[in-house]
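There are two complexes below, and they share chain A, which is joined by chain B in the first and by chain C in the second.
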Partner chain A sequence: MPNKIFDKVAGNGLISRRHLLEISAAGLGMAASNSVLGADSGFNLEIPGWSRTPGPGPSAYGNRSPHTENFQRMTGFQNPTYPGGGSSRSPLQYLQGTITPNSLHFERHHAGVPDIDPVGHKLVINGLVRQPLAFSYEDLLKYQMVSRVYFLECSGNSGALLRGETGGTAQSLHGLVSCAEWTGIPLSTLLDEAGVLPDARWIAAVGADAASMGRSVPIEKALDDVMVALYQNGEPVRPGQGYPMRLFCPGWEGNISVKWLTQIKLTRGPAQFRDETSKYTDTLPDRSSYQFTFPMGTKSLITSPSGEMTLNQSGIYQVTGIAWSGSGRINRVEVSADGGQTWADADIQGHQLEKAVTRFTIPWEWNGGTAILQSRATDSRGNVQPTRSAVIADRGTVSTYHNHCIQSWEVNNTGEVINIYV
Partner chain B sequence: MYKKAVLSLLAFCLASSSLVVNSQEKVRLGSPLSQEDLEGFDLIAAPDGSGFPAGSGTAQDGKAVYDINCAVCHGINGEGTTNNTVIVGGDIQSEGPPLRTVGSYWPYASTVFDFIRRAMPATAPKSLTDKQVYQVTAYVLFMNGIIQEEMELNADNLPTIKMPNADGFIDRSHIQ
Partner chain C sequence: MPNKIFDKVAGNGLISRRHLLEISAAGLGMAASNSVLGADSGFNLEIPGWSRTPGPGPSAYGNRSPHTENFQRMTGFQNPTYPGGGSSRSPLQYLQGTITPNSLHFERHHAGVPDIDPVGHKLVINGLVRQPLAFSYEDLLKYQMVSRVYFLECSGNSGALLRGETGGTAQSLHGLVSCAEWTGIPLSTLLDEAGVLPDARWIAAVGADAASMGRSVPIEKALDDVMVALYQNGEPVRPGQGYPMRLFCPGWEGNISVKWLTQIKLTRGPAQFRDETSKYTDTLPDRSSYQFTFPMGTKSLITSPSGEMTLNQSGIYQVTGIAWSGSGRINRVEVSADGGQTWADADIQGHQLEKAVTRFTIPWEWNGGTAILQSRATDSRGNVQPTRSAVIADRGTVSTYHNHCIQSWEVNNTGEVINIYV
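On to the complex of A and B.
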């Protein structure tokens, strides 16, 4: 097998998907190594000790293997002028499939995580409605719910690329995106109960955190696929994600999915909250600023090999990554190993759902020389992920929200993988 | 063939009837609220003037409130103590990256009041009285040269104040 020549489909070693099964059957697929498990210890076919002693019995709450405990979110520094504020980033390079474990889902808080007793929490609907209403958590649990898999991405994700930051990992540069199965009540159900008056064109959603963080959502979206989410991946939404309930606006910038949701006010116009005027707006080269940029752009990212990993030897690797679009489903992901000169279609691994993360993979033979790995997504509306230079030409770098440009990972001739700009 | 058709018809009827039952038995558990219930809970103060409480305040009176509650993070003159706490000055048209503050960037005066009332001071949000929020709002606008020191801000005139960058935004909310 080592001498087998695989058909190449694009420059610098990208291999036809037809060989996927052959390669995995032959056991040639290598994972790019980093510090996850240390050096390859080789085979040891003796019966191991854990096969000779019964382990502990069932437990009330499951923990992960101590061998994966270094899969951690990356948290920013605490700033005394911003108590509880900040973010934590998902370790994308350690994860597979499309669903982010709840304990590793990214977070962004504006005044810390409130310690909410659901018995004392209310969801109020008021403003331009026939009858203002209050719902208790217990009330809401009795409603018919829907479950959908959706990505969630902070609009500040990948801003580092527009700031030209050097180095970095998939996690440090792009870890403000995650994907989960969200279960909740369609907001339209609750709005219908309150009776939306014809003048209502927006809703203003407010959280019960110390900042009472608020965002405005157009009524069309509010009546479409927005939900009041009560469960995430089957368990009650965790405090860091909005327990006991959050707004969830599929496909849209993460900040608008207001956590710890406590008020929905029907209004004629947007409330013009701090976080939709001063923040989450993008100033352009002519110094006008985009406001209310809602759907997150069509985007993809190679998670392995990725920044700060090392390829230990030349040979065949599985290039894999994630793709998503706030405007539809992912139709296609292409991968390049020569910095965008030639491209090959990656294989889609698993499902291709609307506004959800899709995983892609393609085999690649590293010849030991320099390579530049990139991925490029296309969604069901035909939106194609742009290059970094196209994004900068379009909107400059004064603001760094809403960046969905192509990431370039250089593999140098010693096998180090580095974030670069082409 | 005939049997199969009957079976599918039966299945269809069962499905339809269960749908009808569901829609008739829609859960409706919201408790009605009065306007009184909402007072003190609904803190949204918007550019259309809605949600502003009674009371008023001037920048003259706001300085003392600001010095005690705000200056520790925002600086004695709004110059900030970190990149993210500068609230005075800046010019959106400046060469190089513009300093974006309340004065140079924020499009609505209502947002200043709304944000201070609900989220500031960061260590003790909602600890200021409505009068103090009017006073601090006036002081922040005064430091930015937007209003006079003696102007008495209230529910009527605050939302009408035109901010320097009011026309600087492009609404993209139609892209959904």
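On to the complex of A and C.
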């Protein structure tokens, strides 16, 4: 078939999806076999073994194909003086759509994963309330719930880019973000039951893990969209995500969505927990710090092609990735193939939900030369994802939390995809 | 605390969610311990063992809590003359929200689950096309994809109600429905590449399983929202769902979303496959049949309380369930606690997406007496879920496919929940 000249929508090969891609093999004529894939297809393909013999029947609990079992989370260095601490990163480059399967959702623990029997677990609401209350798991199941798809991102995600680390994959650099449907009880319902006293301006939420991980949340957020989450993607929240219950603060840094939630204390001010003083604060070059940076920035990332992939031949590729914002909905994602000189609007591939991952896609014709792929998100409040230079100019690199800069992937002339800084 | 008189929104205990439920234990004063859950909580709860010792650290692939591992699919009778055939039903009564985890999504197989190596799998498009085409899995990954949350329901689901079977659970009676985010290539894109000839009015889709399961789809649907699905809830479609690819026909009976898709042939008329002639057709009492009943009906189901559950004490419960329609969005779900004499609007608990499961909820005060719980869905086209009597009057019980009647759960005065017919 003759080569097509595709309508370009931006420099270095970004094209319109109106075009036919002509990636497949064309049938070259009729063949002798009468099989489904033979004569009348024009391909005369062999019938594979799996089409000849019945396979195993229905099962009580489904599994992945052995051909996809290498899609695993990447677990970080385990420090023996800090047992159970560490993180596991989602394999973003192998995922599609917006939902992260629960087994591959990122995790970050401070004292490992407690094995909680829900029968022995309580959620206490106390402090500046009219009436302290203790809820069993069974109690909570009797309340009306809400269900929403939300992203969750660790504020340490993408910090490697501010540290200037070389190499890396979408997973190793950015794998501390995931997205799920969370179902739980609006915290406002439970706070209403306890009766919030006028002096209460914050809540202090504490987990039942051995770290007693605690975080403070302003009362305005606590009464807004925060929930006590009991289910994730339809099933009970898993141990690594806080079973039997976690706080969930939509759009805010992941650490504040306290897992294994066991206490909410209403207070006048923040509790000054370890993870809001020595950790998760943004220290500037002059050594002053922003203590609380709650909403995660407007951000996007190309997941394919991405770091350490190799393109085997020039031609058409699907450029795809994810975008999210802690402040609203993703309105627009632009993609550049020439390192930010020209940009084209990507197609939004699915639902555009508030504080949820949005998937984008745009076709790209790789001509075999060097290209620099970037994406840039804009949210419903008009926030635009900044360049790395802009982030560094704004807050330096003393702290590497809360980085939402544009990622640059270089495709070199051998097809290797590499994390670069431009 | 004194008993509350709740504002009723319909008969037999359906109440407004504006009320405080007062389910939890109230703190009764200060205690001696200084623990998180002790003195300052007013509860003096013992610190559990799991809060005292660090747990295991991050893992490459997450698992469920041992306390939820009994949530399994129910597998049907295996017929030795029909190897690999059968179904597995989702445990609807244990799920929440709208997404079904992939391991618990219902399945229905006709010759078991083939173990397909994607390297050896082809998708052929042929028949009435300008140019037959064969796509490898790698080819397809280069196309732009779409992602949408859709329900999938077997047309045999809920047939037990037309057969008048006694007893049963939400799972055993209605577990052949699930909901997931599906990601794939619009079939229209691939058909455009092949070039649909003017005479082509149907497609015949065939799977690579040993049953060569095939179904015919009118060209209008094929060019509308049908996709070749490669991903489910973010990860590659699993073997039980058609790995490496399946047809997905949103809103239509599940059988037509052909798994292990290997051929799409453009034809003048339907192919008259086994599963659209001897099976999946609706035979009326006069023995004439509707051959093609594609969109699934407007339907809802209370999943809790539901069949074979037991309510241990009178008081407030969350009545919750799922609703869906093959013809659009769910606009409204009503709930009755008195067998359909009075109805109240349930709250919609999450996103209301086109051809997707919608979750509803309403609080209910069980007074300890007999109650009959029902739900009734209305979709965006104004279709209202019918009673069982209306379905039977309309099309009899010779065929039990495509039943979307209202389910009645009786709560008797010992708290047992039973499938009944009213």
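General observations
Convention: the second predicted complex is superposed on the first by the 392 of 422 C-alpha atoms of A that agree within 3 Å, B and C clash if a C-alpha of one lies under 4 Å from a C-alpha of the other, contacts with A are read in each partner's own complex, and residues count from 1 in each chain.
FYI, contacts are C-beta pairs under 8 Å (C-beta built on N, C-alpha and C of every residue); 3 or more make two chains touch, one makes a residue touch a chain.
Predicted model, so just to flag it, every value in this text is computed and none were measured.
Of the two partner chains placed by the overlay, neither chain B nor chain C lies in contact with A:Gly254.
With both structures placed on the common chain, the touch criterion links A:Gln349 to chain C but leaves chain B unconnected. In the superposition on chain A, contact of A:Thr277 is made with chain B only, not with chain C.
Legend: residue contacts after superposition of the two complexes on their common chain; A:Asn63 is shown touching chain C, with no touch to chain B.
Judged by the touch definition given at the top, the superposed model places A:Pro386 against neither chain B nor chain C. Applying the stated contact rule after C-alpha superposition, one finds that A:Gly175 touches neither chain B nor chain C. Of the two partner chains placed by superposition, A:Pro186 touches none, neither chain B nor chain C.
Residue contacts after overlaying the shared chain place A:Gln263 against chain B and chain C alike. Taken together, the two complexes place residues 83, 85, 111, 124, 126, 131-136, 139, 142-144, 193, 206, 210-212, 263, 265 of chain A in contact with chain B and also with chain C.
Interface residues of chain B, counted against chain A in their complex, comprise 22, 27-35, 37-38, 41-44, 46-48, 50, 73, 81-82, 84-85, 92-93, 97-98, 100, 102, 105-108, 110-111, 114-115, 118-119, 122-123, 125-126, 168-173, 175-176.
The touching residues of chain A, when paired with chain B in their complex, are 79, 81-83, 85, 110-111, 124-126, 131-136, 139-140, 142-144, 190, 193-194, 204, 206, 210-214, 218, 220-221, 263, 265, 267-274, 277-278, 281, 283, 287-295, 398.
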